[in-house]
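Each of the next two complexes has chain A plus one more chain, namely chain B in the first and chain C in the second.
Let's look at the complex of A and B:
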């Protein structure tokens, strides 16, 4: 392995840090926008921008430095109280934060941004503080100027002799500076003769240890200019009297040089009064460096670990099966040892999955930007709220959710919310509200996008679907069925394709993206009150809690998350509605009965339902189905193996898994089965792959 | 001579860079994330010099320097302020708090090392 370039590593880590800082900035701005008056909030924003600037400077990212500097200046004006943030300022701050994040990204990839864009946002920012900032600008203009102590490469005629008279004041010692060190640094700039003037030194009994009595005269022949010699004393400027005069070009021991003051003292042992108590080198234990809260790990390594754990789960299942087949009693050591092993496997698996899990916060912040940009572009005022920012979801899931969510947020602003005048007419506030929330619910992640708009205009949706030939005209459709039309390919409610949401991407694409993550999407819409899109996702793409069942001798797995309960049927529970349509009567509700064996083509429908087992399946929107199976074997975790790459999409089947006995079992997609069996709205089948 | 240096900055990037620059110069760096953390780390060590950022959460650089100077054993420990601003009033404030000198970010490692050597009295050569 080649040793990685440390600077490249630091650079990579800088961009990671930028992401965190941008997140902190975003949080701070949101808090400010929400009326947070805590001075620490603006400080946090300021520091975030400031740190980005500091790091960017180190890597010579000039555009980033320049922008961050101006931004910081305006934030500083708020920090100092010279500028009070109002709504417009906040909007601009958000815009600037977005822009800063673009700059970070473009700096990372090396793509330049439009210079006009940079200037434009800069001008906007500056217009807020006006001349005050410009003046300050001059004082604090960010120039990478470091103390110049590099005295080796000055191109000056040699042999200039200077006389430096240096008299420290008592304050110099309080700053931690030390005349001896300064004189040594000075002496290294050329050939020097140093004499100490101790004439002001009082008698010992009159000596004030906090006072300074000594001064030094240094005759130095050097190639360095007087300015550079002065700069050596930069740190003690104002803490001493310093006179530097050019004596001549002659060597320092020329007779016309004024004689050095008497009482020359060897510089190696300066008798400067020490304002400090004696320094004691402590040999005490050094504190251990505080451990970092995080470790950066290559994603590939984690993925490898996830795969290995998957194999471990399969292996453990096989082992359990062998043990069971060996006919050992349940109190044998092997059995109890195996139970412990299973528990550990499960713990390892959970822990590994947690490594991949990330809070959805960063993605939510991106969405808040989308909402801002969209609302700005079409002139609707939107209050964008997020809930459950800290809900953790698999990293891959988060990444792959970004596109569908972006589209849905745009839709919500563009189509979901009514125009300003319509809102006012409906007695609502002018500002629309969009809420993006995330939560864990029974082993899945639920992400919801709600608007408080007018709700889905169902007659219009139906009419459009008919016009486009997506459904035969004159059908009697339920509200739910009409809502589902939105997911049909080629559907767009806006007669005039708008600039934002009408980019040729429809809700059908959104849905297949979500389905490819093993997720579901459903709509709830109340006329006049708003629409909620609800996305339900598995916590991970690698394993699944499943119910192992058999149908006609075939072993299958049904995702546990979809199963509400299992029921043992009695013959009279089943009501026949038509030749192929049966329902069962459960607790005063009729639920369609679907025979899994028939659906998958394993066998024909049974004639007798007495004692048969059904799984009650529930969809996110509450629609239910009873799935008829032959036997229930067990409940267990299975490792998902994708089928799509090899077989393409298989109707009603989500993926496959390997069971303990080494056999392959198909994982059923109950919701697809439900849709298929009920034949509602003719929804086409979509990709149902869970994992690759 | 291997100087022991306490470097305090809230930016991980700058801490990494300081660690790299100081280690390459043969120094022995210890890092801390803010003023409070810096004081905690300082408790029990006697660094040859301290480098600190100004803008930090919990306790900023000025506060940190003042707190360090209150401790008798650190009254003469050289403290360099690491700052992105070269504004005179910042220098004045840093000095009033008890800073020995300042380094402007982005720092040149060679110059940082020279400045450290100078304030710690180990020679610039």
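Let's look at the complex of A and C:
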């Protein structure tokens, strides 16, 4: 788009809507697949596809319209009962849904898709309906549609039934009146059934935009008198023709009404997509699951709010500190007021963080697609299950988790599950199961990917690591240590590199992606029973639990998640390793000693270690280091302030935070520090990995 | 916001904020100045250039601070409470400059602003983009773009 386009905004909102519709479609298909026989479920799918088609038609996205139309036709066949969905049909439906979302995405970016692909999927779809669908049908759907407002939801006691025929004159529009408001007012007066007569509407080319062509017939069952109804139209007196007649005891759904056109739209439910065909529902059969009211908010605004709350937290900490310094007793009013304030701040912070949180559902749906595609490509049957779809996680975390999860799902299908024959030989069902689950556990989010495959082939893993020179041969490693080898850079167990996984970018990339989110990843594997990868993530990226420490007079924060334990050193714990490097001896394990002050360039290496404090830092692969600091101040939550935007990346430093006294403290990035740890009292990173 | 000095119109006046670094007088376009604040001890950044004092907390934002004397290679006593921080905005980035004292706000007609002469002996970056004379003293107009630390690959 070269210049600001008024359509761009509408387009953008169309694509946003598409996302929601696609999600609804997925949900519907999953329910169908799960044996849901509710006709409403297939209706939901149908409506979603239809709405996408309608919107796409308005934007001239022909490919999308064409595909959606045929998809809709097949769905319609199921709706009519002419086609019963079986396993293969469902697979195809999923495929078509995936394809539809591809089309939506390609329409959004403007790249075309392979025409062959389009045709192929289309043909597959049509093989179900038998007869090919004519292109013209798609076009007819976009003729001006008559609108019928089904406002029969109002459950009022029955009264007299009136028929109001309301035909606005052009002057009504010229004087700025709006029939919709009048109709709405009318509908509020009782149980109304509103039909629009569009028969006078000329073809588009003959349409005079300043003329009035529509008229409405309202059958209203109300206790209000005819005079009161007329009063509603006082403002437009003389600007329209209005006929109010009493119809005795006529039920609202009388066939003698001007027959509502077949393609009427149900706008009584604001959640329902507008362009969908009406499924005239009586009050009883309306789906019970009404969606929660939601507001779409620009992410920037939320981020600004998050920042402001961050500042509030800092300010509150500063205030507490000055109150403490003023030496007030703990029972003074100021102190109790401050405590209340702290609680409120914490509540506000939690609520704001919740705004950013999103259910992992949309990502899980993407993953189920990955699982389907991968299993399809390598010919394994996979039953993909998800648990805890509604677990909410920070939006950024979700976005940045998509790539590592994709990789892990592919791995699970490709490497985790055995081939069909092996499964049968092991006495398992032919279909493998992969479970993706999310849950909240003690302030963190745990995401687990488990398969019921053969488990990690540890002797093979060890052997590969040895042949690749990742570990010296003949070492005695525990199961846990062997599992950790999977995370080493350049490790790939598949002897045959497949198209989908095992391209050399392996679990090490996954691990660093997770770590950059402040998360940890671990493996549990039982031979013959399967493997589970468990990812533990912080709920938010905006605050962090940290250990406040000092080094050479500087205050720093070390993320608590990285610290295994704190140790007070004895002089003879420290053993000399190289000319400048030392290790410390902890419970029969040697851990490299790294002086934080030296690594950050604050001071030169100390010579005396008696009574010094070290933090034992651990990475997921078991790599460890002992980080020498001067004092440990406290453990507290800190608000993360990025340095990137204002200064740039600082080696060994993840971010900054503002302490209670208004000073800035840097947050240490233990992983970065560990890989950079150089000379003096540290050892090179290659040796680090063996230390665990 | 631009601190670029146009050389076309002679009638335009430049409003400059003048300040002292050591014995030298410098100035910046007043439009690039956001605020002037007292000296605060900055939190040093590891592995940073010598002229980077570190970062301070400016009402909740992390503000990088540049020691202008070190940047301009002027010999002065180390920064202390008597110094002042001028908060400027360069290319959408906000940073603080530590100077010895802020002197004045001056209106200088364009005609009295001259380009610095090219000196063969000067190597390395020059931080002066224009010169002018105020009450018989030379006033240097600082080129903020050059003072601003370039984001190298590691710092990007």
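In the analysis below, the second predicted complex is superposed on the first by the 383 of 692 C-alpha atoms of A that agree within 3 Å, B and C clash if a C-alpha of one lies under 4 Å from a C-alpha of the other, contacts with A are read in each partner's own complex, and residues count from 1 in each chain.
One rule holds in what follows: a residue touches a chain if its C-beta (ideal position, glycine included) is under 8 Å from a C-beta of that chain, and two chains touch if they have at least 3 such contacts.
Please read all numbers here as calculations on a predicted model, not as lab measurements.
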| item | value |
| --- | --- |
| Chain B versus chain C as contact partner of A:519, first or second or both or neither | neither |
| Chain B versus chain C as contact partner of A:649, first or second or both or neither | second |
| Which superposed partner A:666 touches (first chain B, second chain C, both, neither) | second |
| Contacts of A:176 with chain B and chain C, given as first, second, both or neither | first |
| First (chain B), second (chain C), both or neither touched by A:455 | neither |
| Which of chain B and chain C A:416 touches, first, second, both or neither | neither |
| First, second, both or neither for A:530, with chain B first and chain C second | neither |
| Touching partner for A:307 - first (chain B), second (chain C), both, neither | second |
| Partner chain in contact with A:54 - chain B first, chain C second, else both or neither | first |
| Dominant toucher of chain A (residue count), chain B or chain C | B |
| Interfacial residue positions of chain C with respect to chain A in the complex | 41-48, 54-57, 59-64, 93-95, 151-152, 154-156 |
| Of chain A, residues touching chain C in the complex | 307, 310-311, 314, 554-555, 599-602, 641-643, 646-653, 656, 658, 662-666 |
| List of chain B residues in touch with chain A within their complex | 9-14, 16-17, 20, 30-33, 37, 40-41, 43-46, 53, 55-57, 69, 72-73, 75-79, 84-88, 95, 98-108, 110-112, 114-115, 118-121, 123-125 |
| Residue numbers on chain A that touch chain B, as the complex places them | 6-7, 9-10, 13-14, 17, 43-44, 46-47, 50-51, 53-55, 57-60, 139-140, 142-151, 173-178, 180-182, 184-185, 188, 232, 234-235, 238-239, 274-277, 279-282, 284-287, 289-290 |
